[in-house]
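Paired with subunit B in one complex and with subunit C in the other, subunit A is shared by the two complexes that follow.
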Partner chain A sequence: MDFTQSLRRMSVRQIAQQVLSFLLILASALMIWKGLAVVTNSESPIVVVLSASMEPAFQRGDLLFLALDNEPIRAGDVVVFKVNGKDIPIVHRVLWLHDDESTGKQYLLTKGDNNPVDDRGLYNPGQMWVHREDIVGKVQGFVPYVGMVTIALNDYPQLKYALVGLLGIFVLFSKDE
Partner chain B sequence: MARTKNAKQASTADSDSNATAKKSEAVSGAVEVDGTTQASSLFLEDAAKNPLTINHYNGAEVKHTLDDAVRRILVDDYSFVENFKHVDTRLLLGYLAVVCAGFGTLYSYLVPFPKCKPVLAVSVVAYFIFNGLMMLFASFVEKDTVFMGVKKDASRIDPDVHATASSELKRFSSDYSLTINISKGGSHHEKGKGSKSAKSSHISLKRNIGVWFDVEGRFAADAFYRDFTSQLSSDFLKQN
Partner chain C sequence: MYSLSQRANAVLALAVTVACVVAAIAAAIGPLLSTVSPIELATPKIAVKRTSIERGRLGSYYNHHSQVVELGIVKFDLEADLRPLFTWNTKQLFVYLVAEYETEKHRWNQVTIWDDIITHKDDALISFRDKRAEYPLTYVENVVNGIKANLTLHWNTVPVVGLMLNDRMGSRLSNRYSTPVLASVQFGKKK
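And now, the complex of A and B:
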């Protein structure tokens, strides 16, 4: 029975059930991701290393697991942060920091292990420090190579469309249990 | 020669020599039971106009086709009114879960991270609760029910007839098992000490699906109709 024939034979409730099954798959994936974000207290709990600036510790294509606890950030922590206004997160190490004794506000200077200079060239003009609000999370662990898939999908957007298209065709032409 | 063929139709399964005679019967929707032609069947008329071919290796599709046939026969030909309470409850729980997920995602998109955490946490938990409730409902309340319905007597003299159909087609098996619990009078939810006038009966149909689907996956609606209706005792049900 092909797709159009089966669609015509279905009642409103049966169509609603099929749509629901599809939406539940999407919703489950989203809620697991967001749930992980809430638990780790980090906006994007899993990120991929895009550049070679942290070699030899992290290579391009590594998958990083992030979390942000309430402890103050220490020099030597590897953190993922975003420069205000730019949306690409950067994973580098905290080189120096100053804590304001009265407010507890932290002033952080970061540098990639493999870079010759610190990150002030990457910050906004006039910006000398990053702060806790800019930190997405501290690196808790990593898995090598797995992130290569994401890099491939980003570099070759046709792959992304092909993959989604294939998935869609597969779902449409096979009935779920 | 032709007369003998016609007389044999009602009791034999599909065979090439009966094919043409069967086709004309199916087209007119006329049903031959016990040698006499009865009122036409809407189910068979529809099946003749829209012959069904499915992937008979896909158990889910086979079960869906057969369950659907049961539903159509009971509603179209036996005037049952389907009771959608269980289906609607399951759909409601599922869509509530999806709405919670959608709301949480939208909120976290509009409100930047640390501030959106409380609302997001609530929506994630709510999603899993509703999803869990839906799955529990499907497993423990609905179980393998495929149809629930009531047949009200037109003249309002006889009490209502309640029917609950449940079916099973195990994963790598080709044995379809259909059970229909029929109760007359009162609600069929009454257990044990019910009212004296409540009567209940039990119909069961267990066949290998090979009797209803050929090797190409074509559904023999008339064969299924015959097998199914022959189980329905005339004591409880009058066709249309």
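And now, the complex of A and C:
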């Protein structure tokens, strides 16, 4: 009853203002995310660990901060990379690398700490190495457990819609007096 | 003015803020302490017992059609005391032995031949003899004969919260510990 009453009391202008402030929040969140991507030189500067292949270092649900500097990648770096053609980023450690100085190409082999074998089974068939172009970023630091929210949202998409719907209702019906 | 939802909101906001500040302080203390009082480590001892070249397939777990390549097998002794690296903010220590070498076509090559995960401070006293390397030394061009490699010990400190730190001993890339080469390995005869 309260909702419909307050809705009738609002003019079109007020509703438009509320929608605008909502969009402003979305836009500033997007700006912060993209700004972070520029500063760290990585297209996805914060990722969530999805699998247990790097245990006990990274548990499922940890948040990782990535950055990609101009330093060459060295063996032992924990990197996040994407196999050409596959969407899912993988966070594993670089096991072997060979730098070709003439072409500037780096041949990298990765392996998850908790996996018994290296990642060649995860690469495309016939692919033996990944290269620097496949690397999204090097792991610089991390925060445990915080990423569980993303995993919950991914596993239960209804939660995503419910959350956005709730937020929308609160923003639209909060009166600024 | 003091409804239940507002009180819950205030409590949650305070809790999240406090958690963030505590995490930031914990993350910052580690690097600060290490610059103020750097950790002193004894030089680890590596002795190469035996090197051999075998022929085998790589990645045979998944890829049954890979070609037969030359593999360099190393047997070594390792003695290292890494216990000082374990602080209250250390979750685990990832220790790995890297063979670094240079060839004409590729100026810089690093092959990890052994790695280990250490989660307790007492396990950080490493000492074993005649250990066969976990991974063979290989090369992109699939020929290992004639390669001379330097063995260096690296470690990766994974904190409970904060920045990850990589460090090494006995490497040409050494930044803090400039010690001479720990051990070197020669496969086959120099051409």
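In this section, the second predicted complex is superposed on the first by the 156 of 177 C-alpha atoms of A that agree within 3 Å, B and C clash if a C-alpha of one lies under 4 Å from a C-alpha of the other, contacts with A are read in each partner's own complex, and residues count from 1 in each chain.
To be clear about the criterion, a contact is a pair of C-beta atoms (placed from the backbone, for glycine too) under 8 Å apart; a residue touches a chain by one contact, two chains touch by 3 or more.
Small disclaimer: the values here were computed from a predicted structure and weren't measured.
By the touch criterion defined above, A:Asp99 reaches subunit C but does not reach subunit B.
Applying the stated contact rule after C-alpha superposition, one finds that A:Ala57 touches subunit C and leaves subunit B untouched. Of the two partner chains, subunit B is the only one that A:Leu30 touches; subunit C does not reach it.
After superposition on the shared chain, subunit A has more residues touched by C, the comparison being subunit B against subunit C. Of the two partner chains placed by superposition, A:Gly85 touches none, neither subunit B nor subunit C. Of the two partner chains placed by the overlay, only subunit B lies in contact with A:Gln17; subunit C stays clear of it.
By the touch criterion given at the top, residues 56-58, 72, 74-78, 93, 95-102, 107, 113, 117-118, 120-121, 125-126, 128-129, 139-144 of subunit A touch subunit C in their complex. Against subunit A, the residues of subunit C that register as touching in their complex are 23, 27, 58-59, 61-63, 66, 91-92, 94, 96, 98, 105-112, 115, 117, 119, 135, 138-140, 154, 156, 158-164, 166, 173.
Those residues of subunit B that touch subunit A in the shared complex are 50, 52-55, 58, 60-61, 64-65, 68, 84, 87-88, 91, 94-95, 97-98, 101-102, 104-105, 108, 113-114, 117, 120-121, 123-124, 127-128, 131. Remark: subunit A residues 1, 9, 13, 16-17, 20, 23-24, 27-28, 30-31, 34-35, 37-38, 41, 43, 133, 174-177 touch subunit B in the complex.
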